[in-house]
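The following pair of complexes shares a single chain, subunit A, combined with subunit B in the former and subunit C in the latter.
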Partner chain A sequence: MIVAQAKDINEIADKLTNYEKILVAGCATCVAECMAGGEKEVAITASALRMALRLRGCQAQVAEVTADRQCEWELIEEIAPQVEAADVVVSLACGVGVACMWDRFEPKPIIPGVNTVFLGHREKPGLWLERCAACGDCTIDRTAGICPIARCAKSLQNGPCGGSTDGKCEIDPELDCAWHLIIERLKAMNQLDTLRENTPPRDWSTSRDGGPRRVVVEDVEE
Partner chain B sequence: MSVNKIAPVGQGNGLHLVAFCCANSSAKAAELSKAPFEVDRVRVRLAQLACSSKIEVLHVLRALETGADGVALWTCPQDSCRFGRGCIRAAKRIERARRILEQIAVGGQRVFLQSLDPNDPDALDKALREATGRLVELGKSPLKTVGVK
Partner chain C sequence: MSSTSNLQRVLSAGHFAVTGEVGPPTGADAQALKAKADILRGCCDAYNVTDNQTAVVRMSSIAASAILLAEGLEPVMQMVCRDRNRIAIQSDILGAAALGIRNCLCLSGDHQSFGAAGKLHGHPGAKNVYDIDSVQLLSIIRDLRDKSLQQGGDSVTVAPDMLIGAAWTPLGDPIDFRVIRLAKKVAAGAQFIQTQSIFEVSRFAEQMKLVRNEGLHEKVAILAGIIVPKSAGMLRYMNKNVAGVTVPDELIERMDQASDRKEEGLKVTVELIEQVKAIEGVRGVHIQAIEAEHLIPEIVKRADLLPRPASGEAS
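Our next item is the complex of A and B:
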């Protein structure tokens, strides 16, 4: 899932001081799961914004709505009446949702209310971890399900850098060294030898280096 | 001060406290949650929670947004929380509410969190007096004193 994190309320409030009708729009899917932009967070953000704006001397109305998803045209349409009625929208969806909202409602300003941070999962209540960097050429099986692109601070492909201590990364003693984890897992599987095979330099054109990416599924394309 | 000295709502001093109390921390909470009352001329509205962890960040924010000058949450001490970690979870939610209130300059110090001694029958009375006293020191919420453009 896409993991996002709440922004400082003031960063949002500072952009809203010239508007009278504000809509805080949540997304009930990924960002609701990571507790950044679902219905509950919409209510918290809206309440905090009402107070922050009042303290800035603004008498704005702050309404609330949550779409099932802000990245699907049909589901965006369900909140269109509320969006149309607002002067500005604070979207608590990920960047994908914010971009889609702009495409649908241009020139209405859609302000991001969260920071989209990574593709990851919930490790335990309150903790989400990055697991994939969407490189466009998945080879995670080579490293026993631990992606070195997403989880090694240097995205190294052929083993650790040598800077780790006690299984922790040299950039942060709280952070597991991905290569330590890979080696331990392969050892337990009795497959450490597989690392003798050199991983050639990656073709990063499938990743961000190739520019914006697109996926076409021809049999359903219209 | 004991419960029977708590005054019915009168003129007051314009200060409002919204208080939440874990139903397991004080037997008196049920009686006091029936209607608003005054302590030291501060108007108090008390609500019982089945467990202090039922508190939501939104409860705290909405109380302040809609006219409270302060919010209090009274929990059980950690070693006598009936749900084990209820008061720890409650404290984390209060921390988050305080962080947001600090960010927006309403002030996290307007949110009071205290555990009540289960062996002290006057624990709730004392907590009430402490919170209202603290609120008198802090004065009105900045949300009530700001001018609107």
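Our next item is the complex of A and C:
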């Protein structure tokens, strides 16, 4: 899923001082799962904004709504009346949701209330981890289900650099060395030697480096 | 100007090779490099020129290498994958070869968050490139040289003559993978290896045994990395903070108790050189005296490694 993180409330409040009717719009899917932008976080953000705006001498009204998703036209439509009634929207959806809201409600300003950080999952309560870099050419089977593009600080393709110590990456003692995990898993599977084959330079044109990407499924395209 | 690498000639002739290191200045200061060249001339077969090491902006390794070359020192131009994509790297390799640079050390590069291990600001907000990794970089330069082919498949008019090397951290984690990692670099075209600094000679000798079991020592010239200890504090710092480097307590204690630390550091260095030289498959040393290049001539002399084979004579 898409993982997001709340922005500092002051960063948001500073952008809202000239508005009277503010809507905080949540999204009940990915960002709700990672506790950044669901109904509960909408309530928390709205009340924090009310306080932050009062401290800035603003008398704005802050309303709340949560869409099932802000990345699907039909579900965006369900919150259209609330959006239309507001001067500005603080969207707690991921960047996809914010972009779709702009497309639907232009020229109404839609301000991001969260930072979209990665594609990942909940490792344990309170900890989300990046798992996929959406590179467009998945070969994760070669590295036993651990993606070095997403999880190595240098996206190395042919094993760990010299900076791996006791299973941790030298840039952060809290960070697992992805290659250490890969090697341990392959060792346990008695397949370490599969890494002897060199991985050639990658074709990054399938990733963001190839420009904004599209997926076309011809049978259903209108 | 020599058309072939002096380092290659020294190695092919079976001499025990000696390389040193010259860190480029943090400014457009050719004089600083010339001063270092005057100190080091004649004591090593080639001199590594670092490429924005620890992710701190310094004079480019290609320009600093060209300055050393003009001073009569043979550079080993280091090239990291952090800052350039395959287009820029291949372009720089062609340019370096055209300038007469004949050795390239292919590295992943220190992560941009390093900033001189916190001593300077650096550029932790920089975007890293890592279009390719160091293994892929080796194979790209090999194919430019041997097949006159760019990675994308286009040809080059004049192939770059370049001896290519790589780094190896023999005692790094995960330890079970380190010899495989070396084998991958050799398969990608590495002709020489400079190791991370060695303080635990017996553990390094164990890894070298595995290297010999795979016959890698016959395919690649391994130069053992030696760092000149300056103080017990420096060794403690390295032991704690430098991945893949463990310094034995006895050595730290020895430096701690020395009345003349500089002299003791020189003695330790010479002992380390003699110990690694005795290991089968070690074909040279790479000596680093960080911010103390002036010690290298004395070390090489005491280790009985002078005079170096003169350029052109070795073959």
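Note that in this section the second predicted complex is superposed on the first by the 222 of 222 C-alpha atoms of A that agree within 3 Å, B and C clash if a C-alpha of one lies under 4 Å from a C-alpha of the other, contacts with A are read in each partner's own complex, and residues count from 1 in each chain.
One rule holds in what follows: a residue touches a chain if its C-beta (ideal position, glycine included) is under 8 Å from a C-beta of that chain, and two chains touch if they have at least 3 such contacts.
Quick caveat: nothing in here was measured; it's all calculated off a predicted structure.
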item: Subunit B versus subunit C as contact partner of A:Asn18, first or second or both or neither; value: neither
item: Which of subunit B and subunit C A:Gly167 touches, first, second, both or neither; value: second
item: Contacts of A:Arg54 with subunit B and subunit C, given as first, second, both or neither; value: first
item: Contacts of A:His180 with subunit B and subunit C, given as first, second, both or neither; value: second
item: Of subunit C and subunit B, partner touching more subunit A residues; value: C
item: Residues of subunit A defined as touching subunit C within the complex; value: 153-167, 170-171, 177, 179-180, 183-184, 187, 192-193, 195-196, 198-202, 204
item: In the complex with subunit B, residue positions of subunit A that touch it; value: 8-10, 13, 40, 43-44, 47-48, 50-52, 54-55, 57-59
item: Subunit A-touching residues of subunit B, taken from the complex the two chains share; value: 56-58, 61-62, 64-65, 100, 103-106, 142-143, 146-149
item: Of all residues in subunit C, those that touch subunit A in their complex; value: 81-82, 86, 108-109, 111, 113-114, 128, 130-136, 139-140, 151, 167, 169, 172-174, 176-177, 180-181, 183-184, 187-188, 196, 243-244
